[in-house]
Amino acid sequence: MSTTMSAGSTRSPRDEHHDPAPSDPAAPRGAAAPHPAAARSAGPRSAAPDPAEPDPAPSHPDLAGAVDQPLQVLAVDGTRRPEAQLDPCLRDVDEAQLAALFLDMSVIRALDDEAVALQRQGELGLWPPLRGQEAAQIGLARALPERDFFFTSYRENGVAWCRGVEPAEMLSVWRGTTLSGWDPFARRMATPQVIIGAQTHHAVGYAMAMAARGQEDIAIACFGDGAMSQGDVSEAMVFAASFRAPVLFFCQNNHYAISEPVALQSTVPLSHRPLGFGIPSLRVDGNDVLAVRAATRLAAERIRSGAGPMFLEAVTYRLGPHTTSDDPTRYRDETELERWRERDPILRLDRHLERLGAPVAQLRTEADERGREAADALRDAVAALPVPAPEALFEHVLTSEHPGLARQREQLTALEASLAPAGSAS
Amino acid sequence: MSTTMSAGSTRSPRDEHHDPAPSDPAAPRGAAAPHPAAARSAGPRSAAPDPAEPDPAPSHPDLAGAVDQPLQVLAVDGTRRPEAQLDPCLRDVDEAQLAALFLDMSVIRALDDEAVALQRQGELGLWPPLRGQEAAQIGLARALPERDFFFTSYRENGVAWCRGVEPAEMLSVWRGTTLSGWDPFARRMATPQVIIGAQTHHAVGYAMAMAARGQEDIAIACFGDGAMSQGDVSEAMVFAASFRAPVLFFCQNNHYAISEPVALQSTVPLSHRPLGFGIPSLRVDGNDVLAVRAATRLAAERIRSGAGPMFLEAVTYRLGPHTTSDDPTRYRDETELERWRERDPILRLDRHLERLGAPVAQLRTEADERGREAADALRDAVAALPVPAPEALFEHVLTSEHPGLARQREQLTALEASLAPAGSAS
Amino acid sequence: MTTMTMAAALNAALADALAADEDVLLIGEDIGTLGGVFRITDGLQDRFGAERVIDAPLAESGIVGTSVGMAYAGRRPVCEIQFDGFVFPAFDQLVAQVARLHYRTGGRVRMPLVIRIPFGGGIGAVEHHSESPEAFFAHTPGLRVVTVADPQDACSTMRAAIACDDPVILLEPKRRYWGKGEVDTSLTADLDSARVLRRGRDATLVAYGPLVVTALEAAAAAEDDGIDLEVIDLRSLAPLDRDTVAASVRRTGRLVVAHEASGTVSLSSEVITCVIEDCFEHLEAAPERVTGYDVPYPPAALEDHHLPGIDRILDAVDRTLGRRSSREAA
Amino acid sequence: MTTMTMAAALNAALADALAADEDVLLIGEDIGTLGGVFRITDGLQDRFGAERVIDAPLAESGIVGTSVGMAYAGRRPVCEIQFDGFVFPAFDQLVAQVARLHYRTGGRVRMPLVIRIPFGGGIGAVEHHSESPEAFFAHTPGLRVVTVADPQDACSTMRAAIACDDPVILLEPKRRYWGKGEVDTSLTADLDSARVLRRGRDATLVAYGPLVVTALEAAAAAEDDGIDLEVIDLRSLAPLDRDTVAASVRRTGRLVVAHEASGTVSLSSEVITCVIEDCFEHLEAAPERVTGYDVPYPPAALEDHHLPGIDRILDAVDRTLGRRSSREAA
């Protein structure tokens, strides 16, 4: 969310400590030694059950836990790998499903690119690109029914896309014409949260309210690797565990919080964090749309059954800058980037489709076309976004206007009127 | 710290979920099933090493980790049990040592009782008794050299005692004559922190400063089970782990945060929490002064060697009220209390001494006498605590007085002067 | 009408709200089994269950943040912050979330939270238990900040605060919890208006919360001196009922504002500035403020010197009336 | 003397302080490798190492709280809060710890922290990136709150703030970071005093931070209208240099105070109240405040309407001078 004002010299990036590449035969492995906590991954029981809870969470036979090596279904070269835990959640995946996911990811990428272009052309103040995180966001959002409610950060436009948010609605906040682009209740998704981590509490509270009403809706808190350090996120885990709230914590570990590598936020995999709060956790390859989709289903089913909160860490990578104001060459190098470009989530699904013998060329053309159409429509819609009237400043401060504010509004109106022909405020 | 204003009906206490009694042959065991994380306790390596850190913490062969069943050296009946991890740290313990620990615990209890009495007689506004937590505090403080610096909460008068704080200095804050009873630098112990958890950051920062200067001093953050829920405590663990700060997190789990049982703050043992932050942890019987002392030594040695932070959970019990304003009968019952009275830390050491054939009767007499003397001296010293002059209100707001404050001071002085014969402000 | 303490009046209002509306819930530290450290929620968990009267983990940001999420789901949480000094960990959730969500979402999301805070000093407590944080909240657009002064007012205002669709910071003067008065628990206050508690000619004395009782006592004492004070209980600190204050000052020409919080950038600065803006030409003397000094809350032994009492208030009244005062003596 | 931007002047002051005193250190998010999102710390980690220029985990309470512990150990931390809107998670550590430790410990513990906060609006940013939180801090005893207005002032004030043994909240007007000026990097400011930037007869115009430039522009424009404004840069918001303001108003008889923050319970309320207390009898008209409205910071499209500009300031000047103004027109 931050502006960086000038370009500068390239720094040598700090080491990427503990995120071994999702098992990629080509890529060098990070750390070989398994974390001790991985021991718990072995057994056929939930990742962190409470030994002494009077009414223990039902132990899901299909949730074995995985907190070190990310779970993967699609290898980088597009081959499908057997994954005992996730496979049962992928039985319904056919070519049509894969094509739909491919189109989702492609179109949101085209929209994201268009937003970057619009920012460069001065149509937006700022834009936080999601390039590289399409699988994490689409895999998550497409795995959940509409009634579930998202509380996200500012980069989850892939989620918004799945929720039917109009692309121009996504951009309006960044154009500065509004503070919220859409109706949270209509889309069952809160509008972007800028204060890092604050929304995690909201998700927990919402989930508690659903449970209290006996509804099966779950809430999803989306946040980044950097957010893991904020006190609010830890507190949200405390509340969720204590009240067994039906909430899914979804952390997109894209390896950076602006310039800070994830190793600064944690010396162990982020997926270990929730275990100490009594919340089971899975680490999943966030560039593998099928793995994310399957893990989300697994988690959601468990949560919906009344077993309490769960945590997913999607290991992914932000291929672009933090925002359009950022200059990532100052803190990471081309080699690292190249390694992750090779793991591009869209490329991976493309390779998989190719291996399956699906009509990929046709699909690519369709994706390009839909992407271009969406981008063109977005460009027009952004230009047409209404600029609020000055009086809108004073609306919705409270649910009713108080006299002090009415007075200020009248002052502004009078001033604008008095200046009307001459010019406007400096 | 909170006042409770009236007595009331007894509530049935909520279940004590996950704190199995320190292995006490007589007491019924809580939960039998080991926590999955306990798997890591088995191996001969540090509790939560980082598999991918470039410069891994030296793996201490003597730190096997223990995060479920608390480590114990003295059984409730006073027998000494072998404890492979802790025994090497107890080789220097002879009868004189045991007697000294017995006297420390007895005298601080006498002082604590006297403070309660003084509060009942109106000499103090409030007092937070530590009864039941003597072993945790004395075991901790007696295991560390003077140069190490404590940042504590408000109940650690046992630590203050070991640091040579005058008992009246401990009480002055509760009498309301000052906001700090002693010089933090002279005692190498910060004065009480009332904001739950805030001091944990201070300990981490202090430790970082020591490490940056190449000094071997470590910092100790003391806090309670309730504090584990505050965002600050989690953040402090993030900073400590990232900067490998030489800090010991010492949590006295006395089972309650005012009326709230520890199960509300965590559904798993608190000792699991730090593991997810990459901080190794030990759970120790907090009513066993030898176990606490040994575990502290073990941890301090590891921390001092440059291995980064460590966490100890001392499982203990607050036998008294939260403060003199509290009415614990509203939230816990006599059965529970009785069970913990049987595990009284002083009684346990007494039994142990008896088993050793030490001259316990004599020691008891000495403890009584010293306690009585200390209490009498305290009563006198408290009565003699100076009441600050009104002008003291204005001192030390900043390091120099600014004109606005000087003016307020003069106004007060003038007002007091004008009222001098007539009376005082309402 | 029954005679009850302010504590009992608040308890009654909470109980009625819980009974009347399923969406109302209470959340805070020690409010359930214990009934709150001041017993304001005594008996309510027994009556309404642990899902309506929730003992929360020890984390104020969590209490407020969780309540925000509940409000998204249509509930009406009443949060208890155990003591004034413990509200700061929740500050971000209060000023960046609770205060703004209605504005941020163009009116789509409502935040009908009540944040109950026992506030103020005078009870001989240790640090962080005697604070007056109202200025922080009154400066924050999007919050209502309301104080109560007596049992009836406490009951009626609590009812109104829970019924209100805006977030309300409700400041309860803890040293007045045990004061008694007649209460009709069916009344509901008007959250927007100050109350003129005593009519007078010579000067307007504005107070709120714990100092309302003190102000009335000062007025009684002044009467003996032949000074006729008008006493206004501000009640709502944000939005401020400046019209009621201005109307009074137009008649009296003189103003004294008293509160426990430090004076710099405070409610008294605001009230005085409003009066200057609204009726400068009616002022016959410079308005005066009588406040806690610009120091952190001191140890209990000094709090009587720190807190505005009758003498300091009357001294300020003397100054506005041009009588010899101790300040000139200084 | 060199011509430099405010950003460069701040960078120079930080570099000098790091070079001069081993105990000085910087800590914040993205201040190391990246050099800060505004590049204020550019190159400093390379020069002074990662133990003196520390990239902190993403947690503001941790940044400030850790610095408290470092100050216990004798260090002098300079914390960067990335944007104004992100200071609230650190609020508890700031108001309950940093501001009080010296007082709490009877002067034994010193807290020579500097908390750097880029503040204010006007850069077309999204929510929480344009806040003016100064009132919160100025109300808190134990903190110095200081603003800077131009490159020389920024450099000299940063030097003074780091040298000061009190905690200093240093507010940097982000929209002025790229403005240039002549800077002598060896000068040190006086943290206690306001600056009279322009002498004038007709009215006193008080501003600080980003609005100092605006105030000077307004004064230049007023001159064309034959109005001679005195312009004061308040600089230190706490403690306030009320004498300089009062001395000016005694001569001009008229006062306008401008800032970006919302007006209710703000620095303008305080300055006006101080003037009322100090020289009520010299006032020839009611003082005026020109501030951000009492609304959350609006979307960028509306910020020019929200922020005080030359027109609104001159309108207020007109009112104090009894000229017809748009307000009367309302």
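In this document, chain identifiers A, B, C and D correspond to the written order of the chains, with residue numbering beginning at 1 in each.
Everything that follows uses one rule, which is that a contact is a pair of C-beta atoms (placed from the backbone, for glycine too) under 8 Å apart; a residue touches a chain by one contact, two chains touch by 3 or more.
If you're wondering where the values come from, they're calculated on a predicted model, not measured in any experiment.
Asks: Quick one: how many steps at least from subunit C to subunit D, stepping chain to touching chain?
Replies: Minimal hop count between subunit C and subunit D: 1.
Asks: Based on mean C-alpha positions, I'd like to know which chain lies farthest from subunit D.
Replies: If we average the C-alpha coordinates per chain, B ends up farthest from subunit D.
Asks: How many angstrom between the C-alpha centroids of subunit C and subunit A?
Replies: The separation of the two C-alpha centroids amounts to 41 Å.
Asks: Taking each chain's centre as its mean C-alpha position, how far apart are subunit A and subunit D in Å?
Replies: Whole-Å distance between the two chain centres: 36.
Asks: Note the residues in subunit D that touch 2 or more other chains, in rising order.
Replies: 56-57, 59, 61-62, 85, 88-89, 92, 96, 103-104, 127-128, 141-142, 240, 264, 293-296
Asks: Would you please write down the residue numbers of subunit A that are in contact with two or more other chains?
Replies: 178-179, 195, 228-232, 235, 238, 242, 264-265, 397, 404-405
Asks: Which residues, counting only subunit D, touch subunit A once they are in their complex?
Replies: Going by the criterion above, the answer is residues 7, 29-30, 32-35, 37-39, 42, 55-59, 61-62, 82-83, 85-86, 88-89, 123-129, 177-178, 214, 217, 264, 293-296, 298-302, 304-307, 309-312, 315, 326-327, 329-330.
Asks: List the residues on subunit B that touch subunit C in their complex, please.
Replies: 1-6, 8, 11, 13-14, 125-126, 154, 173-179, 194-196, 226-232, 257-260, 264-265, 325, 330-331, 387-388, 390, 392-394, 397, 404-405, 408, 410-419, 423-426
Asks: Going by the contact rule at the top, pick out the subunit D residues touching subunit C in the complex.
Replies: For subunit D paired with subunit C, touching residues are 85, 88-89, 91-92, 95-96, 99-100, 103-104, 127-128, 135-136, 138-139, 141-142, 238, 240, 261-262, 264-270, 272-273, 276-277, 280-281, 283, 285-289, 293-296.
Asks: Per the contact definition, I'd like the list of subunit B residues that touch subunit A in the complex.
Replies: Those residues of subunit B that touch subunit A are 15, 17-18, 20, 30-37, 39-40, 43, 45, 47-54, 68, 228-232, 234-235, 238, 241-242, 264-268, 272-278.
Asks: Could you pull out which subunit D residues touch subunit B in their complex?
Replies: 51, 54, 56-57, 59, 61-62, 64-75, 77, 89, 92-93, 96-97, 102-110, 141-142, 144, 165-166, 192, 239-240, 242-243
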